[in-house]
Amino acid sequence: MNLTHLDENNRPKMVDVGDKDITTREAVASGVIEVSQEAYDMAMSNDNKKGSVIQTAIIAGIMGAKQTSNLIPMCHPLMLNSIKTDLEELPELPGFKLTIKVRLDGKTGVEMEALTGVSVGLLTIYDMLKAIDKSMVIRDVQLEAKSGGKNGDFRR
Amino acid sequence: MNLTHLDENNRPKMVDVGDKDITTREAVASGVIEVSQEAYDMAMSNDNKKGSVIQTAIIAGIMGAKQTSNLIPMCHPLMLNSIKTDLEELPELPGFKLTIKVRLDGKTGVEMEALTGVSVGLLTIYDMLKAIDKSMVIRDVQLEAKSGGKNGDFRR
Amino acid sequence: MNLTHLDENNRPKMVDVGDKDITTREAVASGVIEVSQEAYDMAMSNDNKKGSVIQTAIIAGIMGAKQTSNLIPMCHPLMLNSIKTDLEELPELPGFKLTIKVRLDGKTGVEMEALTGVSVGLLTIYDMLKAIDKSMVIRDVQLEAKSGGKNGDFRR
Amino acid sequence: MNLTHLDENNRPKMVDVGDKDITTREAVASGVIEVSQEAYDMAMSNDNKKGSVIQTAIIAGIMGAKQTSNLIPMCHPLMLNSIKTDLEELPELPGFKLTIKVRLDGKTGVEMEALTGVSVGLLTIYDMLKAIDKSMVIRDVQLEAKSGGKNGDFRR
Amino acid sequence: MNLTHLDENNRPKMVDVGDKDITTREAVASGVIEVSQEAYDMAMSNDNKKGSVIQTAIIAGIMGAKQTSNLIPMCHPLMLNSIKTDLEELPELPGFKLTIKVRLDGKTGVEMEALTGVSVGLLTIYDMLKAIDKSMVIRDVQLEAKSGGKNGDFRR
Amino acid sequence: MNLTHLDENNRPKMVDVGDKDITTREAVASGVIEVSQEAYDMAMSNDNKKGSVIQTAIIAGIMGAKQTSNLIPMCHPLMLNSIKTDLEELPELPGFKLTIKVRLDGKTGVEMEALTGVSVGLLTIYDMLKAIDKSMVIRDVQLEAKSGGKNGDFRR
């Protein structure tokens, strides 16, 4: 086994997926942002505020997932079939958990799209709340599940 | 105190920085990716491989920091003075720590640029190593320090 | 019938087109910019001027259509087959009418690509003439026709 | 008076603003989308739906305004100070009116940024409602007011 | 024979590739940058420096190839299968030769992607070395070979 | 003297320009595309064709110059004051010479913007004529002159 994005001189390449089958592929990624009680309470203090913070994060996550091949140097440009998000309130942390599921019919997986979307969405929550709290931490950005393709499914 | 990116109807806005002073502002952010022993060993198995993985992550981090205002909906477009990175090998985790320092002379801070650069750089390491290990986790993406501007300095 | 870009919690999603058939789809959109007599005469005052204004608008419209999925949050990235424009002089308005036809073989329609191209093209005419006239108005940006896909054809 | 974006051969150029003063400049643009009663009722049928449609349009408008210099060929890249939106429900049309105000301290005006933001925001409403109604029309995209700079203020 | 990117009025269009077959297409382009002896020696003075200059150029070339349809007005957005580079040291020129090979399964060729990648990669070398030498020259950016599609293969 | 875009570990960085003065800076770059007699004649065969080819190249060059910091990894985002082009017909080569002059008031030079604009403009001519001739060559992409900044002027 080797690093697929390195060529025979160990220099970066965008790996050839030409011989792979077009199959339905899906990836789910998630991540958490831990915020102060004050920032959490502010974001939750009324429905409109909460709505704005959450919607901005969701939209940024979806748009960010579409930018993956422009951001991650060796990622292939892909025609995604769908991007779906779930933003969970975590009052006990306190914080938020963002989950993004991406699907395509194509020759390569969409893990990076899901992970990039999660990262951009969580960064957006940071941006929306940073006037209250600069010590927020993004953590546990990880692949939850992946299916499709010949390498078999993955489930954390 | 309120959420600066919401207007009087609690809808998103790009906050007005027109009255703020142009000062030298700096932000330092960091984050960690935890990888399997196998993935770490593969990345470290020879100097060229290591170099490619690390350089790709550093370049992606720098280019990602420059994309911040295109990714984070309420971020201002900014003319950054400098972007500097540090990529530390963590053999005991095992994993890598990426630190990015951004500077500008301007009217608003560069926390989001530093945090976005770190996220994109760590996602790139994930991408480079994901053929070996899909269970890698990005964690502790956080602001380390911030200076400049009237709100005072921040140090974690 | 429901809003396809909202999920079960009424939050934005990029709707799943995975089960739709790949068919040839076409959309035609148009729009008008109404300008002052002085601005119209200036743009028409010689062939080179007219050519520059019109070419810049056409090229911007085509390039803008290709940016649709980066601009409209829930739009899918698509591999367009063709983009064709028509720019009609309207001496009696006075003004210009821009029509854009987009085609693809794919799983979702290209209305938004045609409409976005028209908007960007007309905004470009505004930009080219705004030193003469700031009161120009863009109007009647609308879908003219659409074919392909299971929802049936549309013709205004 | 001439077309500022054409050179002595009547070919496009990005006009030189080097000799202009850095002043606070502001532009306000607006536009309307006329939708069917059915589409309007669907968008208004509950608070969450309405919130999602409106927030997506607002966020797209703000992000679109930031893309102006990438879309309109002769526009200068600018460091905007603020972007503020107002989305008004028009139950009698029925439809929606989007207004965007942009500010910067710089050497050139921000009309195009305000107009582009309005166009992208209204296109986004079209996209969110197009499963219900394909005959929606975007109209009256126009500059409302402009101040700053030596050419004097403009008010429609 | 005519210019495929012009319509019946000789205005630009994105040519319709809808009737073309999906085949495996490949293009190889190359180009050279000629640098001063001093700049060449500096770039080669130690392995880390050389590695950084070369890796940055390679990564920029790959990322640039992916931006082709955003840069070249009439280029189609494409889902590339692979991008592979070769960067050759030319001690006698002195200078560097960059070769990029692009592949896709699609309806139109990838010459422009290969040529754009080469140009961006060579410009990046210029940028990395320009503190030493501003008189460097990029030359011989050209298509080396092309295969796939009904127009027959090309080999320089 | 050293490579300004490498840090103390010889890894890429975006060099700090914070201490440099804001001055008026200008750069002029040029490049040539050599085409076959057949391609040249086709492009020149009537005024509209010639106009379309040349305008598309000029507009692409201007828009490409604005994308420099997104393409060249270590380039700073800049607020350009002006971009001006000259496209010269070279009937004896045959071919075309594109010259681009860029100006800004800022802390770093605009050589890369001028060179990138020239490259994108020439690539666009290649794209417009490639149905006739695939053996065209881009050459002599080089800096012609540079002024402003403490390092002194450059003139080829």
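When the chains are written out, they are named A, B, C, D, E and F in that same order, and each has its own residue count from 1.
In this section, a residue touches a chain if its C-beta (ideal position, glycine included) is under 8 Å from a C-beta of that chain, and two chains touch if they have at least 3 such contacts.
None of the values given here were measured: they were computed from a predicted structure.
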Those chains which touch chain E and also touch chain C: A, F
Looking only at C-beta pairs in contact, point me to the busier pair out of B-E and A-E. A-E
Report back the single chain whose CA centre is most distant from the CA centre of chain D. E
Taking each chain's centre as the mean of its CA atoms, chain B sits from chain D at a distance in Å of 31
Whole-Å distance, C-alpha centre of chain A to that of chain F, is 36
Give the residues of chain B that touch two or more other chains, as numbers and ranges in rising order. 11-12, 48, 51-52, 55-56, 59-60, 63, 67, 70, 73-74, 77-79
Graph of touching chains, which shape: line, ring, star, complete, other? other
Touching pairs of chains in this structure are A-B, A-C, A-D, A-E, B-D, B-E, B-F, C-D, C-E, C-F, D-F, E-F
Where on chain D is chain A touching in the complex? 47-48, 51-52, 55-56, 59-60, 63
For a test of understanding, state which residues of chain C touch chain D in their complex under the given definition. 1-6, 9-12, 31, 42-43, 46, 48-49, 51-53, 56, 59-60, 63-64, 67, 70-75, 111-112, 115-116, 119-120, 123-124, 126-132, 134-143, 146, 154, 156
Per the contact definition, I'd like the list of chain E residues that touch chain A in the complex. 24, 54-55, 58-59, 62-63, 66-67, 77-85, 87, 103-105
For the complex, which residues does chain B have touching chain D? 7, 11-18, 69-70, 73-74, 76-79, 106-107
